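The letters A, B, C, D, E and F name the chains in turn, as written, and every chain counts its residues from 1.
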Amino acid sequence: MHFESIFFEDYRLQAKRKTFGRTITEADIVVHAGHTGDFFPHHLDAEWCKEQPFGQRIAHGTMVFSMGIGLTASVVNPEAFSKGYDRLRFVKPVFIGDTIHAEVTVTEKRDAKNPLYGTVIEHVEIINQHGDVVLVADHILLAKRKQPAAASS
Amino acid sequence: MHFESIFFEDYRLQAKRKTFGRTITEADIVVHAGHTGDFFPHHLDAEWCKEQPFGQRIAHGTMVFSMGIGLTASVVNPEAFSKGYDRLRFVKPVFIGDTIHAEVTVTEKRDAKNPLYGTVIEHVEIINQHGDVVLVADHILLAKRKQPAAASS
Amino acid sequence: MHFESIFFEDYRLQAKRKTFGRTITEADIVVHAGHTGDFFPHHLDAEWCKEQPFGQRIAHGTMVFSMGIGLTASVVNPEAFSKGYDRLRFVKPVFIGDTIHAEVTVTEKRDAKNPLYGTVIEHVEIINQHGDVVLVADHILLAKRKQPAAASS
Amino acid sequence: MHFESIFFEDYRLQAKRKTFGRTITEADIVVHAGHTGDFFPHHLDAEWCKEQPFGQRIAHGTMVFSMGIGLTASVVNPEAFSKGYDRLRFVKPVFIGDTIHAEVTVTEKRDAKNPLYGTVIEHVEIINQHGDVVLVADHILLAKRKQPAAASS
Amino acid sequence: MHFESIFFEDYRLQAKRKTFGRTITEADIVVHAGHTGDFFPHHLDAEWCKEQPFGQRIAHGTMVFSMGIGLTASVVNPEAFSKGYDRLRFVKPVFIGDTIHAEVTVTEKRDAKNPLYGTVIEHVEIINQHGDVVLVADHILLAKRKQPAAASS
Amino acid sequence: MHFESIFFEDYRLQAKRKTFGRTITEADIVVHAGHTGDFFPHHLDAEWCKEQPFGQRIAHGTMVFSMGIGLTASVVNPEAFSKGYDRLRFVKPVFIGDTIHAEVTVTEKRDAKNPLYGTVIEHVEIINQHGDVVLVADHILLAKRKQPAAASS
C-alpha cells in the first residue's frame, strides 16, 4: 500500500490491473454473517443447502463484493474519491474453497459536474480459479484535473 | 428471520419497510479492514485523519453497504433472488458512533427476460441518527410470477 | 427481527416455534475460544481429542447455548424480559459440521411476585441434523400483564 | 491452564476460588452479536438505548455467562465433566467498560445415579468492579469417585 | 491463569515446562491476516500455493510466534517483565491442521545492568504433532532479585 | 501488494522505507487476546491496570510485533524468504489510541552458508505518534543472488 497522485488526465482508457488472489474460506463466511447480521441459510446451513439447486453453502453477494474490492485497495490516490458503483451484478455463485482475484479496467472518462474534476469509470471483474467472472461492477471515481475542464456539462 | 413466499404479483409499489438500527463501532471498522484487506488510512489511522477534511476515521463504503443490506435480511423469500444493485452511491461519510438503519421502498416493477419472472426494484436508503441519507442503492430482484407474463420483452 | 408486544395473557401453553438452522464450523469454535478464553483441549487440540471417547473436537457447552439462544432472537418483545434459565443441560456433544436449530415451547405460565407481571417458561431444545436433542434449558421470562393479577403469590 | 485430577472425594464444601478480571468492551459485544446472531437493539443500538431504562447498551446475558464461565476455565480435570447449570440468573446489567471476575464456591456434594460418580455443585458468581453480583448459576459437575458409592440413589 | 511471585533466585537452570496443544486452523490464518494486514498469497491463496515448494497454504511466522507464546501465558509473575526475544527462527512451515505446543526451558541466568534485577533466558521451542521443532526463540526476562546483586556489570 | 523480484545484489545498505500508520484500538487487543489465548490483566483488565505503573491497558508485545511487521508486508519478493528475527525488544508500552507505523532500513549484507543466497538484515523500528520507538527488531532475510558468491563462509 502506498500513496500515489493520479490525476484525471493520468488515467488511460483500457489500462488494466490484476490483483492477488484470495481463497474464500468457511471462516470468511462466518465472519461476514457476524459482521453484517445476514444469517440466511444459503450461507450458514449446510444441510438446507444440500437440497437447493447449488447444493452447498454460497458466499454472500456483499462479501464477494467487499472482498473483491478490498483486493484492489493497494494504492491510495489522494486526488480521487469513490462516488459509488453502477451495474453491480452477482453473476455466479462463489463457493467455499474458490479462489478469487479482481481485474480492473479503465473503461470510460467523462466530464463531471464540477469542472475541477473528471469522472473515471473502472470496470471491476471478480474472477474465480476457473476463469469464470463471478461479479462485475462499474466503479465511479471522481478524479481531480491538473487543468480545469473548458466547458464541462 | 423466517421464510415467506412473496411472488412478483405480491410486491406493491411504494410499499416501504424500515429496519432496526445499529451503531457503527470502531470494532466494526477493524473487523471490516481485516475481512477485506482494505487498511487505507481513511479508516485506520486516526492521526492522519485529523488532517483530512472529515477530521476523523470514516467507515469503509463497502462496510456501510454490507451492514446496511445486512439490516434488511429478515425474510427469506424462496420465490426471489438478488441479481445485483444499480446506482449505489456513498452520499455522506459514516463515523464511529453513528447509528444507521435502512429503509427499503418498492419503486419499480417490470417484465424480465424470462416470462416466468418479473423484475422488482427496491430502493434502499441507509440513514444515520440525524436523519441524513448516507448511502443509496437500487436492489434488483427477480421474483417468480404466479402467472407467466403474456408477452414480455 | 421486528418489535412485537406480547403480554402475559398472549402466551399460549404448548405454542411452539422452530428456528432456522446453522452449521457449526471450526471457525465458530475458534471464535468462541477467543471470545471466552476457554482454550481447553476438548475444543482446540485435534490430536489430543483423537484419544478421547468422542474422538474429535467438540463445541463448548457455552457456545451451543449462546448460538442456540441466538437462533431464537427474532422478535423483540418490549413487554417482557429475560430473568434467566433453569435446568440447562448439555445432553450430547456437538461436532464440527453438525447443523443445529432450536425449538421453543411455552410450557408453563404462573404468577410472579410482582402482580403487574407473570412468569412464562419457554422450554428450549437445541437439535442437530440427526434429530437428536443436544441441549435443553428452561427460559424464564417475566411478561407484563394487560391486567394486574388478582392475588398473586 | 493445566491438567489436574480432582476426584469427588477431593472437592471440599465451601472451597472457593476467584478468577482474574476482564473488562467488557464494545468489541466484545460486537463479537458476541456476530457470533450468536443476536443483534437486538439493547446491545447494538446506542441511540435506541438512550431512551430505555438502563440508558446505554448492555451486554448479552449469554455473553456475560460465556465470558464469566470462560474466566473459570483454568484447570482441566480429566475426572469430571460438566452436566449443565441450574438457577442461571441475570441479576444486573453489564455495561461497556465494566470489569467482571468470577467467584466459584463448592456448595453441595451428593450421590449421582451412577455409583462410580458423585455430583458436585459449584455456585458461580460473576461480580463487577463495584462488587455487585451481576450473574449467578449453579454448575453441575459429575466427578469420578476414588471408591464407588455404597448404595447411591 | 494465576499470579505467582517468582524471583530471579527462584528460576532454576534447565527447568522445563510444556504447554497444552492447539490445532492450527484455516480460521486462525484468516484471523491473523485480518489482524495484521498481511494477505500474502503464501497464507491466503490456495491455488497459488499449489505451485510453490510447500504445496499448500502456510501459517504466518508472526502467527506461529504469537500463538506459541500465547500458549505459555499461564502464570502472571509480578516480579518479572519481558524485555524481548533473541534468535527467533522460523525453522519449519506450519500447515493448516497441524497441532503445536510449546516447551520452555530456563537456559541462562545472568546479571542485569540494574543490580535489583537479574536476566533470565527462557528457550522456547514450538513443536508440531510429529515432534518437529517449527520455531525457536530465546525469551529475555528481567526478574527482580530477593537480594541486590553484589557487583553486577 | 505486488510481486517484485529483488535479489541480494539489489538490496542497498541504508535504503529505508516507511509504512502507513495504524491506530491501535481496544478491539485489536481483544482480537489478539482471543487469537493467542493471552488474557493477562495487563491487556484486558482496566481496573487492575489503574494500579500498575503504566496506569492503563497496554498492547501485547506479540501484537505490536505482528501488527508492525504486517504493516511492512506490501511487496512479495519471490527471491527471498524470512529466516527470523534477532534483537527483538519491547522498548516502550503501546496504549489504546496510539498510532504506530514501521520504518525499515537495510543495515547489513553478508554471505550466507549457501553460496546461492546472501543474508540481508533489515532493521525494523515501530514508532508511535510521538515519534518514540516502541519496538525494534532485526529481520533476517535470505535473498537469492544473481551470481553465486565466490567463496562464502
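A few points about this structure:
In this text, a contact is a pair of C-beta atoms (placed from the backbone, for glycine too) under 8 Å apart; a residue touches a chain by one contact, two chains touch by 3 or more.
The chain lineup, named per UniProt: A, B, C, D, E, F = Acyl dehydratase.
For clarity, every value in this text was computed on a predicted model and none was experimentally measured.
The chains in contact with subunit B (Acyl dehydratase) as well as with subunit D (Acyl dehydratase) are A, C, E, F. For the pairs A-F and C-E, the larger set of C-beta contacts lies at C-E.
Distance between subunit B (Acyl dehydratase) and subunit E (Acyl dehydratase), defined via averaged C-alpha coordinates, is recorded as 44 Å. With centres set at the average Cα position, the gap from subunit B (Acyl dehydratase) to subunit C (Acyl dehydratase) is 30 Å.
Subunit B (Acyl dehydratase) and subunit F (Acyl dehydratase), compared by their mean Cα positions, are separated by 39 Å. The set of subunit A (Acyl dehydratase) residues that touch two or more partner chains comprises 1, 20, 22, 25-28, 30-31, 34-35, 37, 39, 41, 76.
Chain contacts here are complete: no pair of chains fails to touch.
Subunit F (Acyl dehydratase) meets subunit B (Acyl dehydratase) in the complex at residues 20-23, 25-28, 30-31, 97, 99, 129. Against subunit D (Acyl dehydratase), the residues of subunit A (Acyl dehydratase) that register as touching in their complex are 31, 33-35, 37, 39.
By the touch criterion stated above, subunit B (Acyl dehydratase) contacts subunit A (Acyl dehydratase) in their complex at residues 1, 22, 28, 31-32, 35-41, 60-63, 65-67, 69-71, 73, 76, 82-90.
Residues of subunit B (Acyl dehydratase) touching subunit F (Acyl dehydratase) in their complex: 25-27, 30-31, 34, 39, 41, 44-48, 57.
Subunit D (Acyl dehydratase) contributes residues 1-2, 20, 74, 76 to its touches with subunit E (Acyl dehydratase) in the complex.
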